Each structure stands twice: as structure tokens, then as C-alpha cells.
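Every chain is named by a letter (A, B, C and D) in the order it is written, and numbering of its residues begins at 1.
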Amino acid sequence: MEKLVGDDLQEGMIKWRRDLHKHAESGFLEMRTASLVAPYLESLGYELKWAKDVMKAEERMGVPSEEILDAHYSWAEQNGADLDWLPKFKGGMTGIVATLQTDKPGPVLAYRFDMDALDIQEDMAEGHMPFENGFASLNASKMHACGHDGHTSIGLGLAKALMDNKEKLAGTIKLIFQPAEEGTRGAKSMVEAGVVDDVDFFIAMHLGTGVPTGEFIAGNSGFLATTKLDVAFKGVASHAGGKPEEGRNALTAASSAVLALYGIPRHSAGASRINVGVLAAGSGRNIIAPLAEMKLETRGETSEINDYIRSQALAVLNGAAAMYGVEVEVDIVGEAKSSMPSSKLVEDLAAIAEESPYFTKVTAWSTDAAGSEDATYYMERVKELGGSATYCIVGSDLAAGHHNERFDFDEASMPAAVDVLLRSAWNLNNK
Amino acid sequence: MEKLVGDDLQEGMIKWRRDLHKHAESGFLEMRTASLVAPYLESLGYELKWAKDVMKAEERMGVPSEEILDAHYSWAEQNGADLDWLPKFKGGMTGIVATLQTDKPGPVLAYRFDMDALDIQEDMAEGHMPFENGFASLNASKMHACGHDGHTSIGLGLAKALMDNKEKLAGTIKLIFQPAEEGTRGAKSMVEAGVVDDVDFFIAMHLGTGVPTGEFIAGNSGFLATTKLDVAFKGVASHAGGKPEEGRNALTAASSAVLALYGIPRHSAGASRINVGVLAAGSGRNIIAPLAEMKLETRGETSEINDYIRSQALAVLNGAAAMYGVEVEVDIVGEAKSSMPSSKLVEDLAAIAEESPYFTKVTAWSTDAAGSEDATYYMERVKELGGSATYCIVGSDLAAGHHNERFDFDEASMPAAVDVLLRSAWNLNNK
Amino acid sequence: MEKLVGDDLQEGMIKWRRDLHKHAESGFLEMRTASLVAPYLESLGYELKWAKDVMKAEERMGVPSEEILDAHYSWAEQNGADLDWLPKFKGGMTGIVATLQTDKPGPVLAYRFDMDALDIQEDMAEGHMPFENGFASLNASKMHACGHDGHTSIGLGLAKALMDNKEKLAGTIKLIFQPAEEGTRGAKSMVEAGVVDDVDFFIAMHLGTGVPTGEFIAGNSGFLATTKLDVAFKGVASHAGGKPEEGRNALTAASSAVLALYGIPRHSAGASRINVGVLAAGSGRNIIAPLAEMKLETRGETSEINDYIRSQALAVLNGAAAMYGVEVEVDIVGEAKSSMPSSKLVEDLAAIAEESPYFTKVTAWSTDAAGSEDATYYMERVKELGGSATYCIVGSDLAAGHHNERFDFDEASMPAAVDVLLRSAWNLNNK
Amino acid sequence: MEKLVGDDLQEGMIKWRRDLHKHAESGFLEMRTASLVAPYLESLGYELKWAKDVMKAEERMGVPSEEILDAHYSWAEQNGADLDWLPKFKGGMTGIVATLQTDKPGPVLAYRFDMDALDIQEDMAEGHMPFENGFASLNASKMHACGHDGHTSIGLGLAKALMDNKEKLAGTIKLIFQPAEEGTRGAKSMVEAGVVDDVDFFIAMHLGTGVPTGEFIAGNSGFLATTKLDVAFKGVASHAGGKPEEGRNALTAASSAVLALYGIPRHSAGASRINVGVLAAGSGRNIIAPLAEMKLETRGETSEINDYIRSQALAVLNGAAAMYGVEVEVDIVGEAKSSMPSSKLVEDLAAIAEESPYFTKVTAWSTDAAGSEDATYYMERVKELGGSATYCIVGSDLAAGHHNERFDFDEASMPAAVDVLLRSAWNLNNK
């Protein structure tokens, strides 16, 4: 078995990855990233679409405010963005789809790569490899702590490798570069824009997730469906000593809601979760609180279970508001489905991975709970329309867990990922 | 100063009081009582009205069930009721108004006497006077523990004394015998039937309340407005282990409501109260509770404050039901207002009481909080229509506090009450 | 394949079952039942132990009060109990172990049969077979609605069949007749008395549970561990209007606890449950509630998960009491473990059942959640000491679900049960 | 009647007041203020004590952090503080007592003036007099919105007037300049340092409070006792999806506490209040919240009622922590008592005010609820030691309510205050 990724490409991916890591951009702010991804793909010969041609703006969830979008645009301008491409991604429309039309007929195969970082302050301390090697994030309180810098670099490496091997390929290959996977906010906007409506095979991938370097999992079925909700209770302030009866207390409404939310009954069909992670209420010690804001999330082993928890949660929120005579506003700022990979594709992909020299252990199926993922939007759409879909894991030794301030992955897993994905393109579309 | 109550009348009142005490009947069950009161008043020459002519049936609150009404009717038949009159009070329509039209023109003056006992088991033990003297209640779990047996007897005594002194009186005198003062359930039905719409002077009285024998208070202003509410949350049962998601939990809805009810903000204009005294929910340990029933009450130093607490409580109850997807039913089973006695009448009555040989101390005003009283319904109606009203206290040494199972009052206070009320009739209507 | 149960035994079992059904006795009240079971087993030649020789009195949970035990003893006296044996079971010590020592050496094999009925009022209506055939329960509000009347009859039938085939058997066979399986209250007292400490093979069985007549499941692994708790919050009464600050409110403490109990976080290792099925608090509308009583239960997919939920629940209960300045008392009135059947025994038993002419479908394993079962106490003890244990299901068509007032099972499943259990005794002890 | 305040002094006070307003300093940050007050009083001939000689550092409540204290010290250096005096007030020890020993024997008379501003952003808009006249606060988010700039200026004006009239005075006169009245945080530290232990007459004053220019109230008895509490619940974070059972949820503990705090029963002896004005909990949507912080306050019509509410609140906080297995820390960051002015002093002061040409209406007593005041600490100490104390109101027309961002008072009330206080010094000490 021959490694399909040469040293040059391997080094290129490391360079890209470190540049992206140093300029971490969180959900819908991937403007600098997109402005560099797009011209490279164009230079390779891909047909490109971006922004509103591959995203429905109104289907994005949890988009930052105009002020933040504008401020970040300026930051990108001053931090190495491609100034020709940057304006195309203004306002957080940072999705890109690159298409390679081969000369042979065949199926449509799509790969998804997510590009966003997290709102975490990277650890600037000895022993943290990105810091020691000078590529820790320059963007304060933003950090690639989940490996999407690696995913984007793998996407670019795959793009290069596919084009280098174009004559061996068949059908159509699409590379989807997606914003805002964190918080499960971005996929829906691209799916609703139709980017996978013609797709026969869909593959999403993730580095790490507890799987060590040298291992590969072809089908991960453990994603929980989830909904992320921002809630605001709006009451009326009054002086708590002087006129307690004139207030409408948003803080007590929120407290009542919190207790009832955690008390939503378990579902007999499988695991469910609910969490109110953040609550901020009130303005002064002696004022009846006029405002209480909560960040909460629901999860379910299946989309149906998550729907049950979410609908109970909405009843709780509305009821709590009514109890205390306050208003409540609920925004859905993220949502993902559960999705089962397609059996045949999982088995085929496992067999393909067995051919790769990078992996010493290949597993077809994993049911490890791996949180939530909005790749499930693509998977469900593709399967609905008759295609096959899977979510695979490329093992990578980690310095610390995902979302930790000292997260780092093993860069050697990037050529492994390109190798197996390139093999999948050859194999699946030539059958 | 001459005592206006002769020995015969005094002994008669004691006899009546002990008979009523022995046959205690609680709210809207005063059928035996009414069946004995009515023919006596008729025999004296009063013009009588009763039942639906002096009560609006639908304005009664907290009426016992048909089963209880029927069972008690049978009890009354077998325990000495006047069988000619008993049928007239069937179904709990036990109010009576007796009118004396004097020969002289003058104002309309009304006195209110309440007739009901409490749902308390009388103490059958040494040292409790009614037990030792053989007139403890024969009616299990019913007891005259607030002195209304005395009030009724005073009403009959006053009726006799007025008729004996008819030639000295002027105008019109009405004696109102009311059911169901406990729980503040009966007055509204008589007021809404118009029994005080023509009244110029209204006097309600109470024995005891902490005031010793020999003292008199002409105007008590300390009554809290109150509302009594029965609440039922109705959910859906399900097996808590097998199908927790199929239940709609009435018990958690009630628990949430309880916490929010106690948390209703204080009112800056004066004292308020709320209490959930009873909560009963659920049918089995492993069943999601389909039903939760609560008994609660609100109070306010003024009717406005009570209205505020009650309206907040209703919002809480409805909101809690919505939170948990259950239904809620709320019945108002009692209600009383706050009411300030009329100044001139209080002062006049105090001056009249100074003439009575029974009292060694007369006080015009008291603001002692004395719980709630539905006599306030009459008072507010009379004042609205331009008349004057008061609530007076005839002191009486007590063996134990009101509503205690060993309650007993000093029977010597009965002639004192008749004396001062008779003097008030002479005085007020002849001015 | 030959049926091992003759017509006589089949008819005998039906007669027993109908007699037991007609005289339903709930947990620890199985005095009449035991008084009939014991002499029959003795007459067959079994060596008998009972009451304190097979039960630790203090390890029983949820024992009825002395009044109830005494009253039921009288009922049993008057309703056909064996008056020689009845006194031995006084006070709810109703467990029996019958031992058959064969002539050949071999392992110790034990079977568990539960004898108790439920606190349910049987439906006395057309279409309910026991009613139509004159054997509906004479004991008001007690009903065999889970089939333990059948289990007891199967135990007696097996006793007869074993003795009839004694010469073919090896080792020792123990028949355990247990009280109070409902509420998982009785097993622990027998296990702690050591009744299975010498056992090599342990088999418990249940009729029905959704499995139709003609089917058999050799190993059910779906039992949830559970704890049943009775809780009393004890506060101080005071007049809610007059002295609200003097009360210590047990009702609010309970309400706070309820919300926190339902909010105990899910466990990532598997399913958990909590339910407060019953809450009764307070004495009067205008009294701060001095007492609140709750019935609650916890469950877990494993004993560890149940332990987690229970320990969190205890923290909640103690904390809620502290919040409101009240006392709390917690009684554990039932408890069961989760338990995984022994693989080899399950497979052996499935193979044995394949030999029985009564079954058209045999399944080795089922993981269907089947609530909780205190047979798990025996299973865990036997496995701890090196033996094997399983819980098998003998299919039986049901007229209505378990614990329903119209529950009835197919009596044809009784000989099927005896057949397979007799085969297991032959087979397991002769290997 | 002659006005005792000349034009020069009146203009001087306006100048001072505007300078203080422009350089607003909140509680314990009154370093610039104190650095200007002290040398002026010294220049007039007063004997001065300050910082640890008049304050117990550890009895201060709600002291800002070291960072804030240091940063503000720098601000004061750069904004006109007296650089000789400024170091004496470092670290927030900003209290000053100036004593005038007259030549005649007589009682000790003390006046209290508070110097602190509020954490409010002043309105920078047309129509707001301080903004239009160029003396709106330069210190961002700090504003004299309660008139303490006026109080300090009155204190300085009185100091000048007393010294100008020294020959007419008797006994000893103390002027107390106090930090951090807002939040009732500063008085206790000065009282505990003994500054009024020798005082016979104590007078505190306030401008405005709803009383118009030209009116004077000699004794305000409506202050509520209060306690201000900062609470932190400290739990354990965990991933809400992955390991919910490993967290200890501070947010739910706080929510439970909030509901129970608002539910603390009313007190029959008088008004009470409780408010949780601010709650901030949690770090991320999908993290079990490890920290929840609350700002709350209790109030009572008497110190006893406040003590009752506070002790119930502490039980709630500890119980809620126990329920959820978290720690709780409670800091008392402010406290004030209720205090009844001394009758004789109130009447004397009212008679004195009648002599002042500035007042057209003088009232002896007011019971208007006026929030809470830590002047009550001095009052209670003085009365305990046998002296007399009062709290008087000098009327002043207001542009907007106290603590409003557009608050402004009528500067004409400053000479009125000096006039009546100077008269009180003459009168009280010469009797």
C-alpha cells in the first residue's frame, strides 16, 4: 500500500493549518478563512459558488450582531485576508462549494469541511504546542479548540490531491466548506440552499474525538439531536422596598422556569438532556429585575426525543412567563438532528480504509455519544432523496480534550485523512 | 341604670344556646337551627322571609355536596328539627329575615346574627363545660367553637325583647339570621338578594374575640379582606417507569404554583397574606399524578390589596398549569371585604353602651386584627347606599380561643348583648 | 415430546388458582395463602421452614401497621385459613421454604414463587372472567392483578410433579414461597435470612408480561433497580393570617423538594427515573401546614444508577427540610436491584424449553424493560456466591395489562410453566 | 427673623457642590472629596481625626476590590485631589471627624454628613441642569444622584458658620463626614470606632426625599432596617450532554433559593421585604453551571423583623446548597437598623426650625417610608448610651427622583439647611 499524500502536500497542510489556527475565526466570522480558501480552490480549477448561492441567509442560526460582523470584517482586512475575495463574504455569508466535474459519468459525491473556531481564550503557556511554535491565536478569545483548522486544511489538501488525480476519477465531486458548525448553526442554511440535493454519496469527517492516531471509524451513529435556545424574560422594574407590587419579576420567572425545565420527564424511547447553562438577570440589588436572559439546550437520542424535550421546554417557558406576568422571547440559535449512517456506505468506506497505509485499526461502526453535529442535516437530506451518507472519524492523538484551552491534535492525522478520502472518491464513484 | 333583660329571658337564652350547641350544624347545614328559629320568630309576630326570598342560591360559596346536604337533612329530621319548617330550608337555603314594622315612622335598622358551627371535633373531656353539662355536640366533627350558638340565641332574645318593647320603638327593625359565616361563604348571597338595600343602620356583633366579659367595643375596623380558593390541577396519569413522557403531572404543577404563590410580592399599601393550607395529589407511587387539589386563601388589609393578591394568584395558577400542560380549575369558595365602620354610628353606639349596666368599660374603636368576617359585605352595601354600619364586640370570657376544641364563652354575656342592642334600637330609630 | 403435566394436576392448579384469586391477600398479609400452601407441601413430603427461620423480620420493607395485620388475621380466620398453620404466619411472617432432598448427590436448585396480591379493587362487571366465573376477590380492594395467584399454584403444581418424579432427580431442590414482591418489599428479608446461600442454580419466573401463550423467554435482563421511599416533612402549624412567621411550613418544603427531585440530572451510563407519586400535606386552609407526606420512587438501569439517583434524592430531601426549618423523615419501604442473568444458565434453560411441547417459540434473551423485581436480590446473592441465576418468562395471553382492574391470564400457561420447570430440574441437576 | 447664611457662604457652597458633583466618587472611593474636605476644616481651626482613628476597617461592608481602590486613587491624583492629604485616605479609609471645642461647658452635639455618589451614569442631555451648566460627572458611571454632594457642602458651610459664631456656642460640636452611605455600608465602621460614644445630641439630615423647598421635617421615623447580602453558590462544572451526573449545579441551587426567598412568610408585627435583584450564573450553554452569584436584600419595619427575614434567608441559602450538593458563601455587604427619633429632640428641633426664615412649613414627625439609612447606627448607639438622636429632612425641589440619572436638587436648600442646623447648635447646647 502506497501513501497517496506526498511530502509537499503534507507540509502545505501544516502551513495552512497553522495560519488558520493563528487567525481563529468563530461561527459566521470565517471571513479571512473563506477569503483564502476560495482563491486557492479557484486556482486549482474548481468551479466555485459562495455566499447566497450556497446559503440561505435566513436559515442561519445564532448569527452575531451587525456590530460584531462589521468589527470582525475590519479585523480580517488588517490580518491578511484576500482583499479581492473578502467583500464576497461580508455579513457572515462565509460558505463555499467547490465542484469538480470529471470527464467520466458517475455519481455525485460530496465532502463537508467545517471552518469555524470557538469563543475560547487559548492558553498562552509553556507546553501548549501552538503557543510554543508561535501560532497560538492572535484573535483574542477565539481559538481553534476543536480541530476545524485541521478540517479546512484537509479539505484544501483533498482538493489538491483530487485535481492531481483527476483522470482516475468519475462523476462529480463537491467540496463543501461550511461556517458555524459549533452551536450547530450553519449546516441548515447550506442544506436549505440545496447544496446536497443532487448528491449520491455524502461524507463528513472529524479528527480525534477520542480516537487515537492510526485508527479510523467509518460510521458514527452516536450524535444526539439538539436545539439551542436563547430566552429572554421581560418584566417591569420597580423599587423592591417602595413599590414591590408594581414590578413584574423576570428573575423569579426565570428561576421557576429553570426548575421546571430540569424536571421535564425522561423519555422511555432513549436518552434525553436539558441544560440551562447561563442565566443572567437583574440590574440592581433593590430593583425588581426587569430582564432575565438564559442560554439553554435540549438533546435527544433521536430527533423525536429532542422534539419532545423542546416542545415541553417551550410550554414551560411560556407558562413561567404567564405565572409572573412577564413576556418571554425565545430564539432558536442552533439545531441539529440525529442521523444514522447508511449501512452499505459505512461498510464500503471501512473496506476502503483497510487499503490505506495510514491506519492500523479500522472499525465500521461506533455508537459513542459524540455530542451533536449539524452534519446530520446533510445526512438526513441526502438519505431522504435516495442517497447514502456517513460521518467518519479519523483518529488523532490529542493534547487535551475538545473545547479545552490547551486542545491540540496530531498534525500527522491530516495526510491520513486526505489519503482515505481520496481513496473513497476513486472507489465510490467508479463502482 | 336598669337591666333590660329579665331572668326568664336570660334562662331562655341559655336553654336555646345549649340546645344549639348540642346540635351543631356547619355552613349551609343549619337546617335544624333554622327550622327552630323561624317558628319562634313567627310566634312573636315578626313578618318572615326565608330561603330564596332572602338568598341568591348561586351567590353562596363553598356549598356542601348534594350527598352531604341530603344526609344532613335526614340527620336533622331525626334530631329534633321542626318538621313543618325543615323542608323550607332543604338544599342549604337556611337564611331567615324577620321584620318588625313599628307603628311610628323612622329609619330601617338591621342586626345580623350568624348561625353556623365549625368542622371541628369537640373535646369530650373533663374540664370542658359543655361536656360536663351534657350539651357537647352530638353531631360528630361539628362544633360551635366560635360562639355562633350564642349569637343565634342573642338574636332570639333580642327578638323577644324588641317585641316586648314594641311601643317604644320607631321605624323598621330587621333581624337577619345568616348561614355559613365561617369561611366567609354566606353573607354575599343574602346581600345580593337585597336584604339590606333599604337599611339605614346596620349592626353586626360578635362575642369574645379576646375582649373580656363586661367590656364593649362599638366599632371594630381590623378585618382583613379575604378570598378562599379551591384549586384542582388535572393532568394525565402514566406509568412513571414505563412511559414517563406520556404523563401530564398535576403534582409538579401544584408544587410550582405553591412556591410562586408564597412568592407573590408584598404590597406597599398594607398587610397581605397568602396560604396554601392543604395540598393532596397523586394516586400511586409509580404513577404520574393525574390530579392535585389545593385549598388556599388570600388576605389583604384592604379589599384592594386582597384583590391584588388574588389576581396575582390566578395568574400563577394558570401559568403553572400551562408550564406542565395540565388543566386548572379554580373555585372561589369564600370571600369577604375589609370595611371601616361609620364614625358617627360608632360614637353613638359607644355612648349608648355607656348607659348599659352590663359594661364597666366601653371603647369606641378597635383596630385589632380579627381575621376576616363576611359581615363586611352588608357593611359595604349599606354604606354604598348612604346608610351607616358597624361591627361591635360584646366582651365574653373564654375557656379557650376561638376555633379551639375546648372553646366556650361566658353565657352571662348574652343578656349584656341583648341589653345594648335593645338600647340601640330605641335610641337610633328615635333620634 | 410428551406433556409432563397430567389432567389431574392441571385441574388442581386451576382450582388452587381460583381459590387464591377469590381470597386475594396483599404484601405480608398472605396469611391464609401460606396457611394452605404449607400443609400441602408437608403432605407431599417436603421438609418445611417458615416465618423467622426463612425471613429476617427487620429486613422486611413497607410492612403494614399492627392494626392492619391484626384485622387481616381475623379475616383469614373467618375465610378458610388452615387454623393449625395460621398462627405460624402471624404478624406478616408469611415466607415458606420447602426442600426436597433427592437420593442422588448433585447441585442445589431453587425456584422462587411470589404469593401477594395488589391493593386494587377488582372490576365486578360482565366480561371479566373471574367475576363471571364467581371467583372475583372477596377481599375488598385487594386483587390478584399480576398473576401471583398463578405463580403460587404453579409452585404447588411443580411441588407435586417433582415429588412424583423424585427418582429421576438429583441433588437438592428448594421451593421458595415469598411474600410482598409488589413494591419489591419481601425478597430482601428472605435473602438476608440465607435461603439461597447454598444455591447453585436459581430460577424465578413470571407469567405474561406481554409474552403470549406458547412462548418462553429464558433470561430477562431488563429489570430496573429501584428504591421506594416514604417521606414525611414535619413542621410547625400556625395561623396563616395571624402569625405567619411562627409556622414552619412542611407543604412548601415538600413542594421545593418535588421540583428538585424531578430535576435530578440524568446519568450518562443509562436510563434513570424518579417519581413523586403521592403528596398529601396540610390540615386546614388557614393553617401553615405542619405535615407533608410523599411517596416516591427512584429507578436505574443499573443498581449504580439507582444508587446515584437515590443519594441525590436524599440530599434534596434533607436540603429542602433545612431551607424551611422543618424536620424530614425518610423510610425505605421497598428496594430492588438490577441483575443480569447468567449466560450459561440462560442458554441451557432455552435449550431445555425447546424440548417442551407447550412452547412454539423460545427466546434466550429479552431486554424488555419490565419494571422492577425483587427476585434480583436472590439472583445477585447467588451469583456473588458463585452460582448461576436467571429470570424466565412463561408466555400467557392477558385480558388486560398487569395491575389493571380487569387483569386475567390464560390458565393454560400454568401446566406449561410446570412442564418447563420440571424439565429444568431433571436437566440442570443431572448434568 | 434673620437669615444666618450670607451671600458669600451661599455662593461658596454652590461652588463646592458643583465641584463635588463633577468629580463624583462612590462608596469608599471618596478620596478626592475627603482630601479637599479635610484641609478646609483644618484651616477653619477644627481639630481633625480621620481614617483608622474614626473608622474600624474591618467593620466596613462592601468595600471595593484592591484593583478598584488603586485605580481610583490614581484617578483622584490626576483629578484635583489635595496631594498632601490624599495618601491619608488610601484604601478607602475616607471618614473624617472635625471637632470644635467651645469655650463654654455644655453637651456634645454631632452632625452627620455623607459624601458618596452612586454607580449610575449621569444623563448627558439637554434639560439636565448639571450637564447644561458644565458640572456633570467626569467620572464615568458615577453620579451624585442622591444629593450627598449637597450634604458635604452643607457640612462645610455649617463648619464655617459655626466657627464664625463660635462665641455664641457652648459645649462640643462634632462634624462627621462619612463614606459609603449608599448600600448602608459605611456608618457601622465609624460607630464601632466610637465616634458618637460621647455624644448627647445627634442630628443627621437629608435633602429632598419628596419634601419641597421651604419645608422641614424634624423627625423621620420611617426607615426600614435592612441587610444587603452577596451570595455565591459554588458547584462543579461538567459537560451537560456527556456527563450530567458529574456536575453540581449552582444555577439550579440559586433558582431554588430564589423561589424560597421570595416565599419567606410575612411577619405579623409589620412590613417586611426581600429582593433578589441580581442573579448571574453559568459559563456556557452546554456546561453544568459551576457558579451562581446573587445580590439580595432584606428589609423590616423594625430591626427585629429584618432579623427574622435575614435568618430565614440564611436557612434558605444553606438548605438550597445542601439540596444540590454545592457550597454557598454569604457576605453581608450592608446593614442598617430601624430607629425611632427621640421625642424631645424632635419637638425641640421643630420649634427651632420655626424660627428659621427659610421654612414656610415645619412638621415634627414623618413616618413616610424612606428606604433605609445607616444613620440609624449612630442613632441607636447614641440612644443606648443615654443621648438623643434624630433624622431631619430639609425640603428641596427635585428635577427627578433620587437615584435617577436626571436627579438634581434645588441649591437654595443648602443655606436653609445651614441656617437650621446652626440654630440647633446655638439652641440645644445652651439650654
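Descriptive notes on the structure:
One rule holds in what follows: contacts are C-beta pairs under 8 Å (C-beta built on N, C-alpha and C of every residue); 3 or more make two chains touch, one makes a residue touch a chain.
As the structure is a computational prediction, the values presented were derived from the model and not from experiment.
Shared contact partners of chain A and chain D, listed by label, are B, C. The chain with its CA mean position farthest from that of chain A is B. Compared on C-beta pairs in contact, C-D and A-C come out with C-D as the pair having more. Between chain A and chain C the centroid-to-centroid distance comes to 50 Å (mean Cα coordinates, whole Å).
Taking each chain's centre as the mean of its C-alpha atoms, chain C lies 69 Å from chain D. Taken residue by residue, chain A touches two or more other chains at 242, 244, 249, 252, 256, 259-260, 262-263, 265-266, 268, 273, 288, 369, whereas all remaining positions touch fewer. For chain C in complex with chain B, the residues that touch the partner chain are 183, 224, 226, 228, 240-242, 244, 249, 251-252, 254-256, 258-259, 262, 273, 275-289, 292, 295-297, 299, 369, 371-372. Within the complex formed with chain C, the residues of chain D that make contact are 242-245, 247, 249, 252, 256-257, 259-260, 263, 265-269, 288, 308, 312, 315-316, 318-325.
The touching residues of chain D, counted against chain B in their complex, run 259-260, 262-263, 265-266, 268, 271-273, 369.
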